[in-house]
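Two complexes, one shared chain (chain A), two partners (chain B, chain C).
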Partner chain A sequence: MIKQHFEASAGYRKWTLGLLAVGGLILVLGFIFLGLSKDEHSQTRFWAVLLQNSTYFLLVVNASMFFICVTCLALGGWQMAFRRVPEAISTLVPVFSGIALVIFLYLIFGPNHHIYHWTDKGHIEHDSILKGKSGFLNPWFFLIWSIVAMGMWSWAGAKMRQLSSEADERPMENDEAKNFHRRNTVWAAIFTVAFGLTVGSTIPWFWLMSIDAHWYSTMYSWYTFASTFVSGMALIALFVVYLKNRDYLEWVNQEHLQDLGKFMFAFTIFWTYLWYSQFMLIWYANIPEETIYFKVRMHGPYRAIFFLNLILNFVLPFLLLMTRGSKRNYTVMTFLAILIVFGHWLDFYQMVMPGALGEHYSLGWFEFGILALYAGLIMHFVGKALAKKPLVSVNHPLLKESIIHHA
Partner chain B sequence: MSLTKYESQLREPLVDGKKTYHDVTVDIVHTIEAKPTRLWYIGFYVAVALLLFGVFSVYMEVVYGIGQWNVNRTIGWGWDITNFVWWVGIGHAGTLISAILLLFRQGWRTGVNRAAEAMTIFAVMCAGQFPIFHMGRVWMAFFTMPYPNTRGPLWPNFNSPLMWDVFAISTYFTVSLLFWYSGLIPDLATVRDRAKTKLRKYLYGIAAFGWTGSTKHWQRHESLSLVLAGLSTPLVLSVHTIVSFDFATSVVPGWHTTIFPPYFVAGAIFSGFAMVQTLMLIMRKVMGLQDYITLGHIEAMNKVIVLTGSIVGCAYLTELFMAWYSMVPYEQAAFFKFRIAGPYGWSYWLMMTCNVISPQLFWFRKLRRNIAFTFIMSIVVNIGMWFERFVIIVTSLYRDYLPSSWSPYYRPTIWEVGFYLGTFGLFFTCFFLFAKYFPVIAIAEIKAVLKTSGESYKDEMAPLEVMSTEKFAHEMLHHDEHHREGDVHVVHHDKH
Partner chain C sequence: MSVKKFVVGCFDDEKVLFPAVTKVRKAGYKLQDVYTPFPVHGLDKAMGLRDTSLHTAGFIFGLIGTTTAVTFMSWVFTKDWPVNIGGKPHFALPAWIPITFELTVLCAAVGMVLTFCYICQLAPFIKKHHFHPRATDDLFVMVIECTSKTNEHELKNFLDAAGAIESNIQVVEDGWWIGRYDRDQQLYKEPIVA
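After this line comes the complex of A and B, so read on.
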């Protein structure tokens, strides 16, 4: 008999605890040796790594709710058999929002101005460009808009999850199903519009682009979205494969996995498309104010990461996900999902570090330790959320489409 | 009983009116077999007249030179390039419907793909005219072709996005044409097989390439479709991406912005769908195709319009914000002094209203399903998208870095307008001929979805909708892995 409720196995709990323990220890050690260090670069490293991880993973888990909402608006049915997985992942949005908020509070009001130069009042006085931007780049606007954004994601997301629980209760008659779908659509639309106004535009400008405070690119937010959406799909696939291997999700089969693989493949190409468009246009026009961004990344100390970014996030997934067989293979999909989540983590690394640390960056125990901490947090909270509800909302009016699904 | 596909009752039928296969054929083919109506003749002659006026306008420009237009050294690109980008944009919907909506398994595409693809091809044909005649010395147009030549070291400039455009658009045109035509073959064979006159049988026989409908033919047809769909998908993105490069690679304020490629693609799909709506709403009424192009189809396209319109709106606001945020005085001036204000300010606000504000009304289901409103909106969007290109081109050019070359107010001459009208003539001449001589809806594809999405079949499935999910899964799910994609649409009635 297929189990309807997820119970974290001993192995799952062991890994979760292990990652949390290692990550937590490294966070403490990092705080002591880097955060409290007299050396400014060490301090900055501590906060920059936290910023990179907290923004990246928040946007990645939020991509799950975006996926739910857009498939709802498009009247998609195929995802119903595993929809509880992105739902569970999206419960992390308020958690990661809280963590990110603490870090932002320190960064915009604290004494360290190496990451967000525009928070340095003394510096702005002599910098006419930053002075001009201060109508946007100011601590309070940053803070309030971040809270509003996080609030909207969490609130509309919670509504969507709450609606989804209704489909656990009892079968719906035709009109009831229509009404249920309409209410879903309304909330999905609210989330999607909020998402466009935040992730699709303002939020990446605040959180990430303002690290290179003088530099600007209209593509930046869509690029950030592409990066986190493809990783979000990979994270969903990762949990689906895990649950399937543990004999959960009876009605999910290779067809669904292949479709998830198609999303990973398509948005890998989409990310590359945006990457190329941004890079090529800046390279071609060759305006120094713009090329400076790529100069430090491509010709400076980040050269290896610059190219690794393209290999991990384009070349490998593009080639390996191309065939039908690979998208239906549990092992290949697991490998690629991990690769993509890690690859875009590295993408965020190269978005954050050059502006914050310049040549003084390092990629060592602390960076990977915080990555482990976040992996542990995700495992812990997703495991908890999965155990809370049945793994399939059995009376959802579109579920039957997902049961009879062919990729 | 076991199923290979199930459709929820939440989805409305894609084909209304309990059709049989024969009904489908008759409904779609009967206009080809009948004499054209008077309305058709009127429309066709108006289109031909416009075309002739266009030919004369082009004649004036070719014979007397580019001075027949009001473009000048400052506004080097005026109506012509605006029209070019506008038509290319319209030419996006067809291939999006046939390739990308196919990948997303949007069943409703079958109702509109044929006509949308035809529209795409005609729109690209119109678009291509503008850069060619903009060259001035049009007899030199072959210089754009790279081939070993006698002009010494004189080769096309491969570093120029204008050059990339030549390849992008000709590739797009070729693949779209092949895609459209290969889809037509089975349907042309249907017309041939029903033909009463010798001439019709002969001509449709040639056009159908000897199609017999054998399994082998279908198999090859399906593989070809798959290959062409695979080729078209990147092409949908690449064409308008490269058109956007024409602007964005430059250092002209208002043009050089990194968001241009995806934003142009979204805008192209936006205007393409608007044009599909304009044509389909007329066509379904005049040709009696309401059962195939249903309110559901119209609503689905309106959803695409509100989505892409909002993406475009997001891009407009991003550009505006970034112009300020960049603290580059030229960018700020281009947007805030010469674009949203200044002598051309009206065109910016017209664009904003038509493309961003008014399509938001499509958030309301009632309006999405209102035919008259949809028709008006489709025209509004097309006007807005024309002005988008006008705004980008003219308002960035008329005030450049050097105030001494600032241009007076730019108005097109009659021959510039005539050229544009002429492309409407070309477009509608082609479209009228298409509507008369070709099956305007993909007959074979409609038949393929009839069994899962037709009205009568949906009624048959109603008992399954109320069955408990466990029972449904137990009874309907194939537990073997033998079936493949080919039989997705087939409903098996085997006995347990």
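After this line comes the complex of A and C, so read on.
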């Protein structure tokens, strides 16, 4: 008899509570000492860290649903044995959307213009570049489009999860299964199109690229997508390994783990390719309004983080995930998954901070405290979502393909 | 080239083939190879083959490509013929990465193909014995090499009992030689009449 129902162990609950308590405490302390501080840099630090974490983790959990939808569209069956894991992670999209929305509301309508310079009406008046962009880059379009995007992800994602629950009820007849598959395909396609129009283009322009509002790059959205998708795959791998260690997910084996590892490996390279394409063109053309983005990162105070970013997100995963043996090894995969999630968190850090704080940045108790808070939130909500449904949809038409999967 | 004796068993079903492979290995016979018309998942494991080292070779070829590209370009642009290109430094690493990448991929790919051909003894005009013409069509052909201790008739019966639809004993050369297929081996005994 397979263990179909996840129960959070005492250790899991203890860690969740601990991370939430520490993170919550640091959020309150941060609000008191930084958010309410008279020093503008401390205020900006408070909101910039919240912005970094809320956008990063929202896009990471959303990548889970994107993974489900593209594998569905590609007629993939291998992921069925652990599909409930990305499903559970994607239940966080509405939660993290809500948190991000609160932060955006403050940032675009609040008094602090250090992060989004383009929200300062007085400044725009005598800034011809921002004035020219104001048709797109204005508070209301930002807000409405963000809400539409979050709504589309949450709605189509909920629909996909609801469809997946249908496979729990009873075995399907042939025609029923075909109909089930067709509806899955339609909703996966709707999600993927919505995802492409938001994460693939506009949303990173709004949320992150507009921090450096005078600067722009056409690679930016893809770069952000690659960053969050590879971390999303790493997060799925972490939960799969955890559940496997606890004797759940009996049908998942090294073959599935290896394919998750291939995704992590491939999208690590994809991320590097986009990172480099953005960097090389700007470096080669050497136009001052473009190089300003890399000047502060490469030669300014962020030099260490800039190169650490490349080591954590390219060199280490590339060399360590290359062999078949390491992708099939639970310990190596866990280590690299944590490394990738942290590495891309740092990548988002260096996307947000130089434009918001410049040389007044710090990487200390508050930054890591908010990271802990988000880790706790993910553990709490994913644990809850995993416990709600059976861990495998036993009547799914493609489940057998996953059980006999051979990487 | 040496002439050796082989016992050949043909199977038409994977479900029969897998237990037969296990039985042959358990009985201690020397499995030469199993020829299949398409890649069969898990057969390498059933036969007890070790993982290929081709990817290690590929990694080394790739490293050779990377090193060649970087050393050659740095020699050309810093020592041999330094040119001021758009005010860039002579050692312009970002500009070299595309070429380094291309040469890495080229060396790894071509090197792996040639290594693969060498391992499999594949080359133009190289001839190897085909144990059964239908091995490329619809039959799984298991070939067992006879040692001095093997009783080939016993082995033939063993294969028949394991589910082979056809089996025979062949005394053939096991290496490769230069020649052409149509001269050395008739694929069909009777000419096909249209």
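By definition in this document, the second predicted complex is superposed on the first by the 405 of 407 C-alpha atoms of A that agree within 3 Å, B and C clash if a C-alpha of one lies under 4 Å from a C-alpha of the other, contacts with A are read in each partner's own complex, and residues count from 1 in each chain.
Here is the rule we use: contacts are C-beta pairs under 8 Å (C-beta built on N, C-alpha and C of every residue); 3 or more make two chains touch, one makes a residue touch a chain.
Remember, predicted model here, so these are calculated numbers, not experimental data.
In the superposed pair of complexes, A:339 makes contact with neither chain B nor chain C.
Of the two partner chains, neither chain B nor chain C is touched by A:99.
Of the two partner chains, chain B and chain C are each touched by A:284. Contacts of A:394 after superposition: chain B is touched, whereas chain C is not reached.
By the document's definition of touching, of the two partners only chain B reaches A:251; chain C does not. Residue contacts after overlaying the shared chain place A:322 against chain C, while chain B stays out of touching range. Of the two partner chains placed by superposition, only chain B is touched by A:178; chain C is not. Between chain B and chain C, B contacts the larger number of chain A residues. When the two complexes are overlaid on their common chain A, residue A:406 makes contact with chain B and with chain C alike. By the touch criterion defined above, A:158 reaches neither chain B nor chain C. In the superposition on chain A, chain A positions 280, 284, 406 are in contact with chain B in one complex as well as with chain C in the other. The part of chain A that touches chain C in the complex is made up of residues 276, 279-280, 283-284, 286, 322-324, 406. By the touch rule above, chain C contacts chain A in their complex via residues 41-42, 51, 55, 59, 86-88, 94-95, 97-98. The residues of chain A lying in touch with chain B in their complex are 73-75, 77, 128-129, 132-133, 136, 171, 173-174, 177-178, 181, 189, 193, 196, 200-201, 205, 216-222, 250-251, 262, 266, 273-274, 277-278, 280-282, 284-285, 287, 289, 394-395, 397-401, 403-404, 406. Those residues of chain B that touch chain A in the shared complex are 3-11, 103-104, 237, 241, 245, 248-251, 256-262, 303, 310, 314-315, 317-319, 321-322, 325-328, 363, 464-466, 468-470, 472-473, 476-477, 483, 485, 488.
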